[in-house]
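These notes open a run of structures that come right after.
Each of the next two complexes has chain A plus one more chain, namely chain B in the first and chain C in the second.
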Partner chain A sequence: MKRRADAVIIGGGVSGCGLAYCLAKRGFKDVVVLEREYLASGATGRCGGGIRQQWSTEENTKLAMESVRLFGQLDEELEYETEFEQGGYLILAYTDQEVEQYKKNVAMQQKLGLDVRFIDPKEAREIAPHLNTEGVLCATYCPSDGSANPFYVTQAYAEAAKCLGVQIELYTPVTNIEKRGGRIASVVTSRGKIETPLIVNAAGGDSVSLAKMVGVELPIVPTRHEIMVTEQVEPFFTTMVISFKHGVYFRQEKRGGILMGYGDPDERPGFDITSSMKFLRTMSRKILNLMPALHRVKVVRQWGGLYDTTPDALPILGPVDGVEGFIQINGFSGHGFMLAPKVVDLLAQLITGEELDLPIDRLHMDRFLTGEISRDLSVV
Partner chain B sequence: MAEIRLTEHPILQFKRGRKISFTFNGKKLDGHEGETVAAALHAAGVTTYRRSPQLHRPRGFFCAIGKCSSCLMTVDGVPNVRICITPLREGMKVCSPKGKGQLPEDDPATIWTWPGQYVDKILETEVAIIGAGPAGLSAAVETTRMGAETVVFDENDGIGGQLIKQTHMFFGSKEQHAKVRGIDIVPLLLEQIDDSRAQIMLEATAIGLYADKTLGVVRRQELFGLRAQKIIMASGASENMLAFEHCDLPGVYGAGAVQTLMNVYGLIPGRRVLMVGAGNIGLIVSYQLLQAGVEVVEVIEAAPYIGGYHVHAAKIRRAGVPIHTCHTITKASGQEKVEGAVVAQVDSHWQPIPNTQRELAVDVICLAVGLSPTAELLFQAGCQSCYIPELGGHVAVHDENLETTVKGIYVAGDASGIEEASTAMLEGRLAGLCAAESLGKKAISERKEEILSQLKELRTGPFGEKARKGKEMMRQEACRYGL
Partner chain C sequence: MTEDTIICRCEDVTYGQVVEAIEQGFTTTEEMKRMLRCGMGACQGRTCGRLIAQIIAAKTGTSLSQVPLPTSRPPAAPTELAILAGTPHEETS
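Take a look at the complex of A and B:
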């Protein structure tokens, strides 16, 4: 392992590996990525792989739209098949309140140039056969939303970064970060110390504890989210279906398994990511309501991962006050995989001193100090 | 030539149930009550069930004990049913799936009234035992004897696990059921279980095990929870596959599958068998094949020595079956099912030696190349695992009392490391004793000592060497985790 580097990225998820690649591509190559376990072992490898541009805030929508464009080029650029597919996203509305909100969302999204529209329950059932549309008033549908394989995307970035000279150290947890005179000085790991003027905190749900090492309090709440997946059946729908009313999302993977998750409002903050019986039961009940035909399809796996949730459900990007050389790329609040391609591109621009092609000032940590935040409402 | 259905057998008598009919891809066939769908199809001469979704290769059963998913079929409209453990019922419609299987059509009569089969209940018990094989049943003997309320469940429709196909006589001492056949041990164990404290649930599959010791159980399409203070995992093992050209052809069967067909359902697997593996299982199953009147063409073994007991080897040699050590299989031939096999000698690195190939005309290739512990549920519950080849691969780290790194979760029998039925029964009893003891039930320390000494005895001698070594490595792992 190196003893000195221009930058050290903590976290080998999609953010850490993506950023390492984008930096190296710009000639900023003396970079080390430190990962506690294996690549994508955090939220990335545990996520639903969904890629959606239908958000209620402009920030998330813009980042997602740009990311979708980049996802489309990823396979060629990185020479890797990441299984990016544009199967669409269907968001179901059950109440007048939801309909009102979605009207605002769609107007904003269309203004930004997104191909999104309202459809009726009948068309929703054509897009997602077997869907129970009872009680559904209408739905919004964006055909260019989709999914990709999070392991492959992370691996693709990591391998491309390595080819350009980045060092990736697995099973190397960071145990301390040292400052000197208000500046980042070095990072201490289980395998020794690396001197560096720049540390990027891409540690997902663990970003809070890393920031604490240099006295920074990130307003991030780690909370478990669970997923389960069924055995494979012949593919019969390609779209991700979301119901905010049920707190549920589900899609059929390319190989045939049906993947589903829901946000449990009773989940208490913490670092526990084990699976639970409660999830299996509640998820089964919810999915059988939404797609009764699945009642004889067997569940084959379930797992949990951490959402790193901020008060406004928007990520924390860029420098923080008080510690020079400490860059944040965290707080993704359950949608960091889909935003990654653009976010890592922007942070690489920031670090190498380029002019940013999409401003991220409003995503700085200091927004929480001024109190002017507006929460993205389209979060599962 | 012998019929597929055996009518005479030196040891077993087959009482077949009522004749019932079912359809396979629309064609009417007959089977018997008490058979699995796979057994009935085999008896009707059907060996190829479906095509693999990607390469359209023929598929039949492989393990016949519900552990490999080679036999998935659409049954009465339900996709992906493991027909090797599905009891045959009158009028069943068994179909080859298109691709990966399709969802049943939405039934307008019921679609909006769902959920009907989702049961929102969590049962409670003191001890839950997963698996009703020799280890699980023995565990229940001890837990109920010590007064613990116990639920045993198994995904099969009968108890006994792999014992119900073991027609050979056991070795060891009287306590270990020496000179009794495996099949006759099951009722003996059942007799010793205090049924005022035990409930045995069949056709019940544990699909989730959580750190708080709750189990997710599916029984006849119904999901429910079972919360137990102590859990004993006695889920057995799955058959190992061997990679060679066309190893996926129907007719390549695991040794457990061949035993199941022959000794449980009274069906011969084929006419001419190549046995791969000369460990105890390979030798015993070869002998059982001979007893059933099936020709065993030869037994091959890649190692330079015979792994199983020499009494067993001597018996089949006397019957004229050659055993070739330093040999492996390199290819299965045939289009829809096995029609032949190519075997070759191997060098000291287990690589086939050129120009030593021989072709054998066989219709069954029986793989007796070891087992792997089924311990996935333990890993889901957060039990630490380690890799010990002597115990069959990935196993849950456990202490001398068979308790894993998650307190209150125990493992016994093949699931704790591959051995055989005698040690599985002793381990089951040990886990049962320890679990009940930790519930505060009155402990009988002499009994524990006695079980430990019997285990030690079984593991001494040249044939216990592997298990001894494996368990020694396990002791070191357990220390690492502070057990």
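Take a look at the complex of A and C:
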């Protein structure tokens, strides 16, 4: 392992590996990525793989739209099949309040150039056959939303970064971060120390404890989120279906398994990611309500991962006040995978001193100090 | 065993693919599962898990006891959604 580097990125998920690649591509190659276990072993590899552009805030929508454009170029650029598919996202509205909110969302999204529209329950059933639309007033549909394989995307970035000279150290947990005179000085790992003027905190839920090592309090709450998947059945729909009212999302993977998750409002903050019986039962009830035809389909596996949730469900990007050379790329609140391609591109622009082609000032950590935050409402 | 011998029947993963993944540096069953999907099918690795651990041990020159099997995840056997949805109301962690 190197003893000094121009930058050290902590976290071998999609953000860490993606940023390493984007830096190296710009000629900033003396970079080390530190990963506690193996690549995508944290939140990236535990996510549902969905890629959505339908958000209630302009910040998330713009980042997501640019990310979709970049996802479309990734396989060619990185020479890797990442299984990116554009099967669409269908968001169901059950109440007048939801309809009103979605009208605002769609107007904003269309203004930004997104191909999104309102559809009636009948068309929703055509897009997602067997969908129970009882009580559904309408839905929003964006055909260019989709999914990709989080392991493969991470691996693709990592391999391309390595080809350009980045060093990726697996099974190397960080034990301390040292600063000198208000500046980042070095990072201490289980395998020794690396002197560096720049540390990027891309550690998902663990970003909080890393930031504490240099006296920075990130307003991030780690919270378990569970997912399960069924046996493979004949593919019959390509879209992700979301109901914010039920707190549910589900899609059928290309191979046929139906993947589903829901955000439990009673989930308490913490680092526990074990599987719960409560999720298995509640999720089964919710999915059978939305798609009763699945009652004989078998669940093969469930798992858990961490959301790194911020007060406004928007990520924390860029430097922090008080510690020079400490860059944040965390707090994605469950949506880090889908926003990654554009976010890592922007952070690479920031670090190499380029002019940013999409401003991220509003995602700076100091927004939580002014008390004026606008929460993204489109969160499961 | 030949290149084409099926190791994971659920996901059609061959001996050749497993060996290739080891050569690329994926030397744990967890990484292998994520790269090749072996252990993600209906049997959840109950058929192929030990086989893969054996191949990793042989190819990396370690003892089988030093190659951990992947995390075992619920349910213990594939279970119909209808049965899961009807489970009596109780909490376990």
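To be clear about the criterion, the second predicted complex is superposed on the first by the 380 of 380 C-alpha atoms of A that agree within 3 Å, B and C clash if a C-alpha of one lies under 4 Å from a C-alpha of the other, contacts with A are read in each partner's own complex, and residues count from 1 in each chain.
Here, contacts are C-beta pairs under 8 Å (C-beta built on N, C-alpha and C of every residue); 3 or more make two chains touch, one makes a residue touch a chain.
Predicted, not measured: the structure shown is a model, and the values here were computed from it.
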| item | value |
| --- | --- |
| Superposed partners chain B and chain C on chain A - clash or fit | clash |
| First, second, both or neither for A:20, with chain B first and chain C second | neither |
| Contacts of A:231 with chain B and chain C, given as first, second, both or neither | both |
| Partner chain in contact with A:256 - chain B first, chain C second, else both or neither | first |
| First, second, both or neither for A:151, with chain B first and chain C second | second |
| Which superposed partner A:116 touches (first chain B, second chain C, both, neither) | neither |
| Partner chain in contact with A:41 - chain B first, chain C second, else both or neither | second |
| Partner chain(s) touched by A:130 [first = chain B, second = chain C, both, neither] | first |
| Which of chain B and chain C A:293 touches, first, second, both or neither | first |
| Of the stretches 127-135, 379-387, 415-423 or 451-459 belonging to chain B, the one that collides with chain C | 379-387 |
| Intersection of the chain A residues that touch chain B with those that touch chain C | 231-232, 274-277, 280-281, 284-285, 288, 294-299, 302 |
| Touching residues (chain side chain B, partner chain A) in the complex | 77-80, 97-106, 110-112, 114-115, 117-118, 120, 122, 207-208, 210-212, 214-216, 218, 221, 223, 225, 380, 382 |
| Chain A-touching residues of chain C, taken from the complex the two chains share | 28, 30-31, 34-35, 40-42, 44, 73-75, 78-82, 84-85, 87, 89-93 |
| Touching residues on chain A, where the partner in the complex is chain C | 38-41, 45, 151, 155, 230-232, 272, 274-278, 280-281, 284-285, 287-288, 294-303 |
| Chain B contact footprint on chain A (complex, rising order) | 130, 132, 134, 231-234, 236, 256, 274-277, 280-281, 284-285, 288-289, 292-299, 302 |
